[in-house]
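In the two assemblies presented below, subunit A is common to both, partnered first by subunit B and then by subunit C.
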Partner chain A sequence: MHKTPLLDQLESGPWPSFIKDLKRVAARKKPAADLLGLLERSYKDKITHWKHGGIVGVLGYGSGIIGRYTDLPEEFPGVEHFHTVRVNQPSGWFYTTKALRELCDIWDEHGSSILNVHGSTGDMIFLGTTTPELEPCFAKLTAKGWDLGGSGSAMRSPSCCVGMARCEWSCYDTMDLCYEATQNFQFEMHRPSFPYKFKIKCSGCPNDCVAAVARADMSVIGVWKDDIRIDQAAVKAYAGGELKPRGGATPYAKLDVQADVVALCPTACMAFDGKTLKIDNKNCNHCMHCISLMPQALRPGTETGATLLLGSHAPILEGAQMSWVIVPFMEMETPYEPFMDLVANITEWWSENGKNRERVGELMLRLGMRAFFKGVGLEPPPQTVKTPRANPFFFWHEEDFEAEAAGRKYIK
Partner chain B sequence: MSERITDIGPPKYDKFLPPVIKDNYGKWKYHEILEPGVLMHVSESGAKIFSVRGGSGRLVSTDFIKEVCDIADKFCDGYLRFTSRNNVEFLLTDQGKIADVKDACKKMGIPIGATGHSVSNIVHTQGWVHCHTPAIDASGIVKAVMDDLFEYFGSHKLPAQVRIALACCLNMCGAVHCSDIAILGIHRTAPKVDHERLRHLCEIPTTIASCPTGAIRPHPDKAIKSVVINEPRCMYCGNCYTMCPALPVFDSQKGGVALLVGGKVSNAKSPPIFSKLAVPYLPNNPPRWPETVQAIRKILTKYAEGANKYERVGEWVERIGWEKFFEVCDIPFTFQHIDDYRWAYDTYRTSMHFKF
Partner chain C sequence: MATIEYKGKTFSVDEDGFLENLDQWCQEWVDYVKDSEGIKELTDEHWKVINMLQDYYKKNGIAPMVRILSKVTGFKLKHIYELFPSGPGKGACKMAGLAKPTGCV
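Now for the complex of A and B:
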């Protein structure tokens, strides 16, 4: 074991210590010991000691494995090759202990015994193994029903919130859509052929617990079209202090229905006379604030589905983007054919027109929304924009004149 | 080879659902949070599921996972899940076993919390543990910050939930751009070209093509067989280092931490918001990054004092105004705070709505 005086200082304190945890592995495994030694060196030098490079993978796949090598192989031979294996997570990150133990046994046998639960995209990340271990590790994973997730310029592993499995707000079956999309796009996940990465995240309601709007090229966010369901007796119980705001998750003992709910409604579509809560549902923008505060009194409606938003990505290159609305409402029923077809159209349009390492959101901005909508076969809904343009630089195409002559709207 | 299995995808989720979830899938009616870290969901049928939520380091060992499994085997019939913020949830039908799970977690060092108006686990990246372009470590800073903010993890003391995220460079694998408080590793200098190594290690055309801003050109002296970098164009993304190890982007002295604040992804009240730059630079100071820890505590404390009920960090800052935010948090305003990238104009003030 290497001496690690700097890392040792991260063993104390109330939060779980990854150093304590890794030291247990280091006691039985040389790569983990060398990983700690290398990390100690980074803490001393204040720089990383990892290199990218070298194409590694399992036979027939172009993704799922990321090659990783240290720049100090002589001193830390245990991590000379220390590749990542992305194991596609089950929907909603539900496991049985049997399944988890099987995964642990595979990783104890073929890798470092160190992992992330989970990675940013959603996969279970096995951190650190050598090239010869990759194929046997993969064979054991698939024999137990597991597969690799996406990496590189590919469809990435879709992920989702807990959805209908344990949440009353989910407006569609996020876990099922996530599973079916993952199955549907296996080829695109494992054989990178896109301009860059493409992520799908499925949130059941506008609270967006998997941050779909910020972290997925295709963000699928559940929504309802009809009226919020109200239990007026429960509203009274909140007003009377018998029920606590947000199910008890706040520092506040009592809900002030007027001040905390009605006055904070962003569309001012609610009224409370001390007894009855009225909602002008036609003007509700389904922000979830009132529902979140009064979970026993209010629930989303029953005419439910999802909004599709497209384009978010982290800052590289044009600056961070959030996804924007392209389909305000889509019914989400198995087998989700309209959704799968649209994603296929989008990735095809993007692959056709995108530059290397250009995310779909950047391409939409570069070519314009008209090219996008036409390219993927959608009509532009007004929900796409917060406001229409303020400049006079709008241009006309021959097809617009034809539509005008034929008495049609321009959007065909 | 004919037996090789590929493209099967992950196991179907229903294999892993406890019976109470299978029976009540899509039928949940409401939930309560019985205490910090303990949720109760009630079905239309009256059935209940209890979830005990605990923090993990995210970077864990198989030993840790097996210990977690021991708890789930003992009290939860072997069912558990993980959350989008890397917490572990033990799923129970017997309310009487909540105390047992909490005890077992305590013995294992798993803190209980992360519900409602708390500081939940910090979503983060790999840092020096496994990444080739980080400016900072990830797990170490997370540990130091969570140790300091521990009281907020297992309580509902704050005006709203506070979501902290860390990305160890601006590529943002941690996608921290919509977090209440974002910890971001920053490089502040362009890669240094090691001409001697470059000619042996790197392909010049792919190295040039790797730069998203077109800052890399062939060396004017063809005999040198290397490249030069137009430094003012470099945004420190490290893509060139990915292609060419002779272009290290990191600098042991100048790299460090930036803090961005006020982002969110939920639609509650206000639309999702990007995090904005609050502190442009704090020193890279392992093993416990005290300057970063203190700066975050200060922002969190001022928010807790100043925010209205149910107001997220970003909503608080927008209500009081950024000039007031800098004043309240004692953060000096610098040139770095003023946007001069692609959509900068959107951030300039074009009204008289400001405060002195």
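Now for the complex of A and C:
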């Protein structure tokens, strides 16, 4: 074992420590011991000792494995190769203990034993193995029914919140959509051919537990289009203190319905006279604040589906960006054909027009929403308008003139 | 930097087995990669891909995007994987002697 005075400090606080975990593995695995040594060295030198990512993989797949090499292989031979294997997660991250044991056994045999459960991609991440171990590891995984996830300029493993399995607010079956999308886009996941990465994340309601709006190129967020269901007796129970706010998950013993719920409604569409709660549903923007505070009194409506938003990403060419509504409401029923077709159209338009390493959200901004809607074959809905147009000029398409000449009707 | 000896030739390669320098590229290199990538017989289609990659690389200094490779050769991506089982980046670019692509192909 290497001496690691700087890393040792990280064990001293009250928090769980990855150093402690790694030391436990290091006692029986040389790569983990060298990993600690390398990290200590990086802390001292204030520079990473990982080289720029390599290209390794298994036959037939262009993604799923990320090559990693250290620039100090003589000193730390255990991490000379330290490749990452992405294992596609089950929808909602539900594993049986048997499945977890299977994965651990495979990784014990073919890698460093270090896992990242889970990476922010959604996949189960196996950290650290060598090139010769890749094919046998992959063979063992597939024999047990597992598969690799996406990496590089490919469709990334779709991921979702726990949805209907655990949550009453889920407006569609996120786990089913996630599974079906994974099956449908197998080719795009394993054989990178896009300008850059493309992520699908599915949240069951606007609380957005997988942060789809900020982390996915295609954010699928559950929503209802009818009225919030109200149980007036339960509202009174919250007001009277018999029911605790947020299911007891707040420090407050009693909810002040007027101050905590009505006054904080972002569109001010609620009113409470001490007896009855009224909601002007037309002006509700589905922020979930009232429902989250009073789960026994308020529930999402029954006409449910999802809003599709496009384009969020971390700063790359442009700054960080949140996803933008492109379809205000889509019904989400198996086999999700309209959804799959739309994603296929979008990736096709993006592949055709995008520059290398340009995310779809950046392309949408570069060419404009108008070009985007035309390119993917969507009608531009009013819900996509963020602010009223400030530019008085309008550039008509050629076909607009023709439609105008033929006596176009604006109201359908 | 590692070196590989094959049929009397010596090649210097990076850790992923890509040639350090396109000038070293020759028929022996193609034969060597063919064996290690599990390709049985090189056809005209393989050569079409290799030639396209080299032309593009010499002109632009980087490997082309997958879509451009598909368009110019007329081969669907699926077919490129049939020709080069480890894919256009790890298989075809390596055989063509290009420097390791950084997420392009």
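Definition applied: the second predicted complex is superposed on the first by the 405 of 412 C-alpha atoms of A that agree within 3 Å, B and C clash if a C-alpha of one lies under 4 Å from a C-alpha of the other, contacts with A are read in each partner's own complex, and residues count from 1 in each chain.
Note that a contact is a pair of C-beta atoms (placed from the backbone, for glycine too) under 8 Å apart; a residue touches a chain by one contact, two chains touch by 3 or more.
Predicted model only: the values in this text are computed from it and were never measured.
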Exercise for the section: Answer with first, second, both or neither: which of subunit B and subunit C does A:193 touch in the superposed model? Expected result: second
Handout entry: Residue contacts on subunit A - larger count, subunit B or subunit C
Key = B
Practice task
Based on the superposed arrangement, let me know which partner A:115 touches: subunit B (first), subunit C (second), both, or neither?
Solution key: first
Practice task
Check whether A:351 is in contact with subunit B, with subunit C, with both or with neither, and answer first, second, both or neither.
Solution key: second
Exercise for the section: Tell me which partner A:14 touches in the superposition: subunit B (first), subunit C (second), both or neither. Expected result: first
Practice task
Based on the superposed arrangement, let me know which partner A:391 touches: subunit B (first), subunit C (second), both, or neither?
Solution key: neither
Practice task
Return first, second, both or neither, reflecting whether A:57 touches subunit B, subunit C, both chains, or no partner chain.
Solution key: second
Handout entry: subunit B versus subunit C as contact partner of A:143, first or second or both or neither
Key = first
Problem - Common interface residues of subunit A - those touching subunit B in one complex and subunit C in the other - result: 51-53, 59-61, 187, 356-357
Handout entry: Touching residues on subunit A, where the partner in the complex is subunit B
Key = 6-7, 9-10, 13-22, 24-25, 32, 35, 39, 42-43, 45-53, 59-61, 68, 71, 82, 84, 88-101, 103-104, 107-108, 113-118, 120, 127-128, 139, 142-143, 145-147, 159, 161-162, 164-168, 170, 173, 175-176, 179, 182-183, 186-187, 190, 206-215, 244, 246-252, 259-260, 264-266, 286-289, 292-293, 295-296, 299, 314-320, 322, 356-357
Practice task
Report the residues of subunit A in contact with subunit C in the complex, numbered from low to high.
Solution key: 51-62, 67, 69, 81, 152-153, 187, 191-193, 195, 351-352, 356-357
Fill in the blank from the handout: Listed in rising order, the residues of subunit B that touch subunit A in the complex are 4-13, 15-17, 21, 25-26, 28-35, 41, 49, 51, 55-66, 68-69, 72-73, 78-84, 86, 88, 109-111, 115-117, 123, 125-134, 137, 139-140, 143-144, 146-147, 150, 153, 156-159, 167, 170-175, 177-178, 209, 212-213, 237, 241-242, 245, 248, 250-253, 255, 263, 265-270, 272, 274, 284, 286-288, 309-310, 341-343
Fill in the blank from the handout: Within the complex, subunit A is touched by subunit C residues 14-16, 18, 38, 65-67, 70, 77-78, 81, 85-90, 100-104
